[in-house]
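Input: structures, listed below.
The following pair of complexes shares a single chain, chain A, combined with chain B in the former and chain C in the latter.
Up next, the complex of A and B:
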């Protein structure tokens, strides 16, 4: 097996220079071509993906095939306007048939797409295999519509791609509002007097344009990748339509240039698949590592939050243990804490290590050295105020729910368990004001006051005076 | 244009294929291959369409390409078993990726599907171009394998007895297994296809059934793509059940319709291809499309003609009813 020869060392540098200095004619053609293609497909993809019609592009790219064949048959040459016209007509018929099937039968949209996709494509293959048997049917030129051939790109092709890209950009900018409204709320668009069907068909026409011009570069199947992947990536980055379109277009462009660069480095690396794979790579990177919506980043953040909540729960447990003997001692045994938090001893030990690391408590060796549950925790001043703050949040919220929202007292605990970790200082003060600085929660327990927190301990007399 | 459609020589198109025993065996193999592929795809496709996953066939059939390429690289041969395992693995992975993207990310089903299978396909094409010309698998063969070459494939022998060509036998086996499984698990398949919530509450293993269906979709595709190409598979998943749904609404009837329809598609496609001298698989799809069109027109359930007359009758009826209502409402108003 001989793998493609990727240039190495100095050759790599010189090839890179050659590619990015943009001096070769072939490089110019290819790069301009993929840039136009990336921008055009990216823009259209943005509209299609947000309408949940991603596979429309796939269907369209297959459906234009009979048009290509008929156009070829008509002019008997492979580079002609009749192929583009034929493709447009076939694409239009395909779209018409889909909407007809959807409107007048019970067949679902997905089946309708599949029917048109495979049906039209089969007609196209029938025609092409028939053309092959005819005298003039040197099919080699037509073949590139199926698999794409970027090396066959001529300056004229790039011109037509540029024009279609410009057309797409221009029309989507002019009719941006109208297209947006018809996409997201056709009923509303209709009611304000927009020609919904007309705009819909305009959009499909533009889609067909971008599909047909890209077909000869990447082929039937990978065209839909160029439509879907950059737009899907953009939809993870942003929720705003304008930003999404810009992202989608630029991601398409970046993927195009990257793919063609990599394929330029090797001798037998196909450009189309590499463009798609760079696009996929961009998608995966964004999906996991985007600073806001990335799955990996979110997972880390969630873990941080879980840890914080566990820490706060431990602090609360320490406070409750201290409270259980009326603040007589200032240390608590790990064994008791584990029981209160309902976790195992090793987990409890891990938790206490976290507390110590955060400077919230000291870990003191117990009398019995071999028994970890005999170790004791003693809160530091910061730990104390943090524990008080959480208990305060919890009890204030319970009181607020029972007094102001009329919850029964035995239902408030669960809710307070969750809210205590996220209540801000300002909200707490507001609740205090509403309840006029209460001292007892619905279960009759002391609510630590601001003063208690500041002085660092709770007066035993007050604690005792409460039942 | 006139040379495009050769004159229809009745005898040559319909008679000649069966004239000599040799021709008969040759062509019978092609036609039965077509029947078996459309039958197995049609049966599975009925459930796939009912689950609104019609394009899953499209996705999986493209998604198996890297599996084939990797199996070839690993074994350096086109041996059946590794190819089969590779393709099924890739197909399942593809459907798993789609499901995962759909559930765990903000992407919608259609975007997840399109994204996954095009990426898989691109990866497969990249791998295959690295293999060079010594690999006799290529993207082209995946996309439109030639059903006409079925009789050319190597034969399988039982001892010294020739049983038949390999693709024909494997698709026959797959069809049998599918018929068997559908008969056994009919109820489970039906419930999970139409009412997810009910099937969960009944304690059915919904996920296992879903992936089982996907596995069998992959198996069917693998068994058929080599000789008929992806496009016929996709078409045959969707066309039989949607065509039948213009006449029947009940599942068993739609399933049974796959049998006559697949025979019709196969013979029709064969004759059409013989007449026009073009791809048989594609001709079968063209015939299927024509059948769909006719069913759409004359269907008793949802057909255009039926609907048109029925709606006219209905609107007349309601007009009469409203008229009588108006007439009868006057005395009520007076009293």
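Up next, the complex of A and C:
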């Protein structure tokens, strides 16, 4: 019967085959159980997490404990309907108490949840301890509700999990649009005549089903993990409710199967925590590696942005160096650039390598081979037009700020330092129109025009005519 | 006009929050086809009035009739626009999803929204210039855009009476103009619009009629006759503090008595 122990002694491949061939009765029971559990909890978790009520599942799982104990005392056996009924009643009382506390006192929802959670849990522990000291309580395995134990899961248990899962899927599909609108905007839902409170209670009832049927597999404390983790993972992946629910249910299922598989391999570790660990691992994986919202790709993007800004600043510095001697030369020394950029020579060299790699410039060896600052940069046509574009953005923005926004001239430079990198073509055209294609910035410097960019140099006569 | 078919009739409406009275004996008879502003200081009960008309906040006394009907049945002809801050904008729904919610009242239980509903939703998005954002998650919108989504949802309801809670709060000038244009257009079509508003500077320009509110109804009528220095002072001035204090006290006393 014991899945973990039956597996002992065989090698990894045969165990894997046995697990996934699905022929063992004990494997069938366990796998079906965790699939129902994962899907049911995953779906409910999707609704709970998006309503920002994650703690609610936790509270409910603790609140049903006294009910489990009383139900057990009533029937004096483990597999009975009275445990489920008892748990439902206790859960209902817990929910009722929470809304009562919220309505009639100034205690906040979070405190009310914590209050009910710990209070009911304490009562439950007391009752369970008493039961274990009773004659029939000894071998009852009632303590499985505290920590969970998947071995010994009966076909009847799996049936109840299946029914609960089916019920959840069915009811949330039928009332999907009503549940959606009450979750997003309860006031509006009420205004179109929906029974908001009733729908809320329906959702709590379904939540109670999923919690109670999962209780004996993972225990009171870890149930909330089954609700929260798959839904939280799904919320990183998608921002659409339907997709989120499907992801959440699938992730719950995958975690369930993975956890029970690892446990089956004979690691002698309990299945419940392994399921939760698998779920957490999935979360961490998605958190870091998701192709769009993952932390890794965000880091890459940020790095890319920083790099782009550095590159544009170097191009601008090249332009300014060329401008400094009235465009007499068409090369600039790295040493001068480093001074202008206020960076060290090795950094400057690195930057120039980036420019060369991007095909924005050539690097020419200086006369003095041992002195890297003597190396010179010469812009390619694309480098030139990029440099002009960025200088143009900077100066146009400065002029716009002084002329139209009435900034004092000595305040505009720092702002333009940031804005120059993000100004889109469309905005630039708009500013040009507003300022009617200006040639001089507030400091009297030339604003490179479209023509200058196209012809690839700035006419020194024009440059000279400016102060 | 038949009095029983007034868009909105409120009689002796009284509401209290945590045993503190918020609204006292409000009487209102709103005629069809107007743009009406509810004006009053912070905590005057402007939002509470709208919410209790919609039954979102229970009242302690009085009654409300909408087009001659009481209770839930009457809501069908009302479009309610809550305050923007009242919802969680991180909720995983798209702009179109939210606007489609305006059609839920028409679709009825168990039924999915139809193609026609989707078409109407798209048209309403078009009217508030939000079509390009249809698939965007609502949290990624600016405040003004969020408000326009709410407005599109209200339009999709195709109601005859609209109750709007601070639709101009925290929106940019462009959105504010777009909203007021839209409201005027609705009024032209014979709809009745009641709008909670906090900006005194443009109230007279925006609304035909004004409801001055501070716990009780100070005045209701044409903007010309209600938006006077005297009545505004009565609404915002200190003369009402005595009334508030006594009301508080008597409420507390009656609690002790029970």
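To be clear about the criterion, the second predicted complex is superposed on the first by the 386 of 467 C-alpha atoms of A that agree within 3 Å, B and C clash if a C-alpha of one lies under 4 Å from a C-alpha of the other, contacts with A are read in each partner's own complex, and residues count from 1 in each chain.
One rule holds for everything that comes next: contacts are C-beta pairs under 8 Å (C-beta built on N, C-alpha and C of every residue); 3 or more make two chains touch, one makes a residue touch a chain.
Just so you know, these numbers come straight off a predicted model, no measurement behind them.
Of the two partners chain B and chain C, more chain A residues are in touch with B.
Once the two complexes are laid over each other on the shared chain, residue contacts for A:426 go to neither chain B nor chain C. In the superposition on chain A, A:180 contacts chain C only, with no contact to chain B. By the touch criterion defined above, A:414 lies against neither chain B nor chain C after alignment on the C-alpha atoms of chain A.
Once the two complexes are overlaid on the shared chain, A:367 sits clear of chain B and of chain C alike.
In the superposed model, A:52 lies in contact with both chain B and chain C. Looking at the shared chain after the overlay, A:325 reaches neither chain B nor chain C. Of the two partner chains placed around the shared chain by superposition, chain C is the only one that A:244 touches, whereas chain B remains out of contact.
Judged by the touch definition given at the top, the superposed model places A:235 against both chain B and chain C. Residues 52, 106, 235 of chain A contact both chain B in one complex and chain C in the other. Residues of chain A touching chain B in their complex: 1-4, 49, 52-55, 57-58, 73, 101, 104-108, 110-111, 113-115, 117-119, 121-127, 129-130, 133-134, 146-147, 221-222, 224-225, 227-229, 231-232, 235-236, 268-270, 272-274, 276-277, 280, 283, 287, 293, 295.
On the side of chain B, the complex with chain A involves touching residues 1, 3-4, 49, 52-55, 57-58, 62, 73, 76, 104-108, 110-115, 118-119, 121-123, 125-126, 129-132, 134, 139-140, 143-144, 231-232, 234-235, 237-239, 242, 245-246, 273, 276-279, 281-286, 288-289, 292, 296, 302, 304, 307. Touching chain C in their complex are the following residues of chain A: 50-52, 106, 174-175, 177-178, 180-181, 183-185, 187-188, 190-194, 235, 238-241, 244.
Chain C meets chain A in the complex at residues 18, 51, 54-56, 72-73, 75-76, 78, 80, 82, 86-88, 91-94, 97-98, 101, 104-105, 107, 109-110, 112-113, 137, 139, 153, 157.
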